[in-house]
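Listed after this line are the structures, all set down as structure tokens.
In the two complexes below, chain A is the common chain; its partner is chain B in one and chain C in the other.
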Partner chain A sequence: MADATVQGSHLSKSFGERRVIDDLSFEVAPGEVIGLLGKNGAGKTTLLELMLGFTPPTSGTVSVFGHPSQRLPGPVKSRVGFVPQQDELLDQLTVADQLRVIESFYAHWDAELIERLCREWNVNTAARIKNLSVGERQKLSILLAFGQRPHLLVLDEPVASLDPLARRQFLEQLVEISADGERAVIFSSHIVSDIERLANRIWILKNGRLDWQGDLDSLKDSIVRLHIRGAAEAVAGVEVPGAISLRREAGFATAVVRGWKPELQHSLRAVHAVTVEVESLGLEEIFLELHR
Partner chain B sequence: MSAVARLVYTYFTSTRLACVLSGGGILLFAVSLIVVFGMPQPEDMVLFASAGQLAFFLGSSNMPLLAGRLSQGHAARLLPQGRLKLFLSMMVTVALVALPTLLLMPFAVIAGTIKVGVAVDIARLATDPKLRSFVIDMALMIYASLCILAGWLYLAMWFVTSQRNSAGFSKALVIIVILMLAPTQEVNDPSSDAWTSLLQLAIAWIVFGAIFLAWPRLKNWRTRSWIPGLFPRARAVRSAGREIDLMLGTHNPWMYIGALLVPVFLATRIGQFSPAVWLYMLTIFSAVNGAISGQAAERSRALWLRAGWSRSELFARVEASFARHNSFVLGVLLVLMVGIGSYEGHPVGMLAAGLPLLILGTATSTYLGLMLTRGVRWSEALLAIVLMLTLMALPLMLDTRVPNMAAVVALEVILAIVAIVLRFVARSRWAAIDWTECRRPRDARLAPG
Partner chain C sequence: MFVLKPQSGIPIYRQLLDQVRRMVASGQLAPGAELPSVRELAIQHAVNPMTVSKAYSLLEAEGLLERNRGRPMTVANRPKNATQLSRRLQQIQPLVEQTVLAAKQLELSEADLLKAIRENWEE
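What follows is the complex of A and B.
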């Protein structure tokens, strides 16, 4: 796809003998808000760093706005914003000074937006950064990434240190940024409800591979929980195609199925003479089921 | 404002203290200009100019820390032309720090050539081609030398502030020694002229710039070319030792010893040094050796959480860890001093006064470092400067035909008392240590995954 914001092809990354990212291929289009989910150590940070060229892949390629991520030209960098997991602020400076330093690198900086967000998010621009709390530092890191109104915004667990109010304000801002359909946002988080609320595409990273990539509705349609009831012998003989987990009790079984299709419900009823109820799962439950 | 200009401005004004020092430096230079035109003694001008130069340099002393942090983080990779602009900002800062001397030089030379009480006649520069040529050559040579000197000093500060471990201190130490030896060599073998100095400066900047700009790729290449298990023994030795020593960074004194042996070896090959220069150098080594204790407070929190020690017990363990580390380094320093002294025939009095001086250098700096449980404040910074000046003054006091041994011994006794007092203060501070007031670790790296 020529106009993909980010494109990865057979991307792998190893640290010593440990393969953290294993043969990933993906595309991120403008207007997409991608929520990246994965357990600790699944490779989320490594994947984001590979995307932006912070670390070279062991094999494969990744491009940002059509340019190899390892060699992004200045104008392309101007279109990218990044919030690292751990802030990289300059402790000695005041908030205003830090903002001015970063602003000076960009030809287009939305000072009005930053001023408004500082006000709304209660960021004291006169304060020294070393005196800020962890949450306040996180807010400032996010502001620094918003200032140039990036066309690609990559956020590595940006809300981990924010209070619920700040988190909500941040999410509202992300919605505003992505609303014009021209910008792509990729953010990793362990707060699944945030991803559920915001992302229109979900990536679930497991053992270095994308265990799922697609939109949230497809994911929810694809992975469901079945409650199967019937005679004890009938339930004991039930085989559920695509079951991630299957728990049987006398006359009752619960299965989580991947790749669910409505026809399966009819065939289970017909073949095993059981009743089948289908329960939709939330993203958090899906994530837990996929990692059982 | 462009990024380079903004960065340079930020280096000079990053903190209130930096603002005061930078502003003070400019003011002192202005005063020295007035002095050179209006007063008969050029010495006064030199005093003001030197103080101004020092203040201006110190005003920008956050530059290595700020530029280092920016260049090591993701920002330098993602900001448009980030690394190039950072490099340019460093170059401009160095050029600016040395600039006042360049501006003052022509007037100072003319002031030095006229009679006392006669006003400086700047028009002589236009009418006297020989004087003009001499002044320009001299100014360029001094300017280039100052740029190189400032650049090396910033680099040393960068190593200390970015790595903050014995490896960083060792690298800084090597640079300090080069700075000490190079001027001595220049006195022994004066071959420099303006163009040679400018060429040296250009080469230094090109080499540094090439390494700085290519560093991300060099780092990736280094990571790629690393064959796991190639040097397992070396890696094992590097990460072996007592847990407390590993956490405090005192497990491997040989790294520091290696770093100090290189310049000592070079010094023996470069030229003849007076006993005072040797003692001066070894005293600085001994003081820097103790200085790594400055990070002990913030590093000790994990120890306190994991071990069942009280704060007082923790201090005793930390002190013992530094004593073990320092004893190795001090042992080597003392052997070096006796060895070099015997070989070169240094006076016995100097050796006798020098041995306790090395021990005192390490002891005072170690306990000063251990005192830093709440970062570096004005009082500690001032104390460190006074101690360093005293330690550096003692070798010079011994470097006379008939040294005043009574004064030397008295100063050494005072230093011993200071070390005991510092230990007492450090122990009482550690008894009530509040780790939230220690400096945040800045060298935390993102773990993959």
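What follows is the complex of A and C.
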């Protein structure tokens, strides 16, 4: 498709014997905010690096704005912003110098935005980078990526060292950036509640594969916890289609179901003569349930 | 104006739908009242703008909200009673289900429950 921001097709990556990314196909459209979730070592950073062309795929293809990630022309690269897990700041520079260096690479640098954010985020532009705290370095890395007003913004654990206030300011700015519907954001984070606010699509990476790739809303609708009550023998006989876990006690059972449809509530009731209460789950609980 | 809880299992757009519907049904949001823009609401709550616009579009399709060129969305102009009984009942249905379930767990009879509701109603 011509206007896909990122497109991957049967993308795989192995390091020696270890297959870290396993046959992934995906598409990112303008306006989407994708939350990338996965346990440590699930392959999140590798996937982001493949997209950005930092490492070649073992097989399959990945492209950004229609160009193979490995060979992005300069003008395309300048539309991509990246906040790496390990920052790439130059210790000997001051914050102001570092901003100027990066600004000089871009024709469309938004100096006004950066000036405002430095003020609002309490970034001391006179400070030398080697004297910054981890959180301050992270803020600066984010500013460097925001300044170019990227059409694709990739963030790898951008907020791990930010305090709650700074995280909220960052999220608000991210909303502003994505509000015009023309930019795509992909961000990985272990702070599930941030992803839950910001993302409209969720990718759950598990053993190198996308265990879920779709709307956050449909994810919440399709994975629920059921509380089933009734006579002991009725509950003992209940079979729950799509259950990924099922715990029974006398007269009571709890099940987590994948692929839930509201009609199932009535059919379970009717078939087994039990009461069924449906509990919606937050993203964090869904993530935990998918990794049991 | 709205209470949005991203961590709840209920999708954000649905929280917004329910609240607007309730506020319109109760008259808290009168016909012609302006809603915050998608951008305002998204930034204020730090939630995804597409989630907010999805809720607004669904409410527009329901005829509850009206889109105005270059101006904020407004509550559609129509008599309050036009909110059909069936729709209003539909909105309270989840609460009814929950109450009935709790009553059964407490081994209350239908009559006990109806009596309790009636007493509350008359208060």
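Going forward, the second predicted complex is superposed on the first by the 292 of 292 C-alpha atoms of A that agree within 3 Å, B and C clash if a C-alpha of one lies under 4 Å from a C-alpha of the other, contacts with A are read in each partner's own complex, and residues count from 1 in each chain.
Just so it is clear, a residue touches a chain if its C-beta (ideal position, glycine included) is under 8 Å from a C-beta of that chain, and two chains touch if they have at least 3 such contacts.
Just so you know, these numbers come straight off a predicted model, no measurement behind them.
Engineer: Do chain B and chain C fit side by side on chain A after the overlay, or clash?
Structural biologist: fit
Engineer: Contacts for A:L288 in the overlay, against chain B (first) and chain C (second): which applies, first, second, both or neither?
Structural biologist: A:L288 sits against neither chain B nor chain C.
Engineer: Under the stated touch criterion, which partner chain does A:A232 make contact with: chain B (first), chain C (second), both, or neither?
Structural biologist: A:A232: touches no partner chain.
Engineer: Which partner chains sit in contact with A:V33 here, chain B, chain C, both or neither? Use first/second/both/neither.
Structural biologist: second
Engineer: Give one of first, second, both or neither to describe whether A:Q85 is in contact with chain B, with chain C, with both, or with none.
Structural biologist: first
Engineer: Does chain B (first) or chain C (second) touch A:G41, or do both, or does neither?
Structural biologist: First partner only, chain B.
Engineer: What angle, rounded to a multiple of 10°, is defined by the Cα centres of chain B, chain A and chain C, with the middle one as vertex?
Structural biologist: Here the answer is 150 degrees.
Engineer: Per the overlay, which chain contacts more chain A residues, chain B or chain C?
Structural biologist: Touching more residues of chain A than the other partner does is B.
Engineer: Report the closest approach of chain B and chain C over their C-alpha atoms in the superposed model, as a whole number of Å.
Structural biologist: 26
Engineer: Just which bits of chain A does chain B share with chain C as contact spots?
Structural biologist: Chain A residues touching both partners: none found.
Engineer: Across the complex, what residues on chain B touch chain A?
Structural biologist: 1-3, 5-7, 10, 14-15, 62, 65-66, 69-70, 73-75, 77-82, 85, 220, 224, 228, 440, 442, 444, 446-449
Engineer: Chain B touches which residues of chain A in the complex?
Structural biologist: Residues in contact with chain B: 15-17, 20, 40-46, 49, 52-56, 72, 74-75, 77-78, 80, 82, 84-86, 88, 90-93, 97, 100-102, 104-106, 130.
Engineer: Going by the contact rule at the top, pick out the chain C residues touching chain A in the complex.
Structural biologist: Touching chain A: residues 6-14, 38-39, 42-43, 45-51, 54, 101, 104-105 of chain C.
Engineer: Of all residues in chain A, which touch chain C in the complex?
Structural biologist: That would be residues 31-33, 168, 171-172, 175-176, 178-179, 181, 193, 196-200, 216-217, 220-221, 224, 229, 275, 277, 279-285 of chain A.
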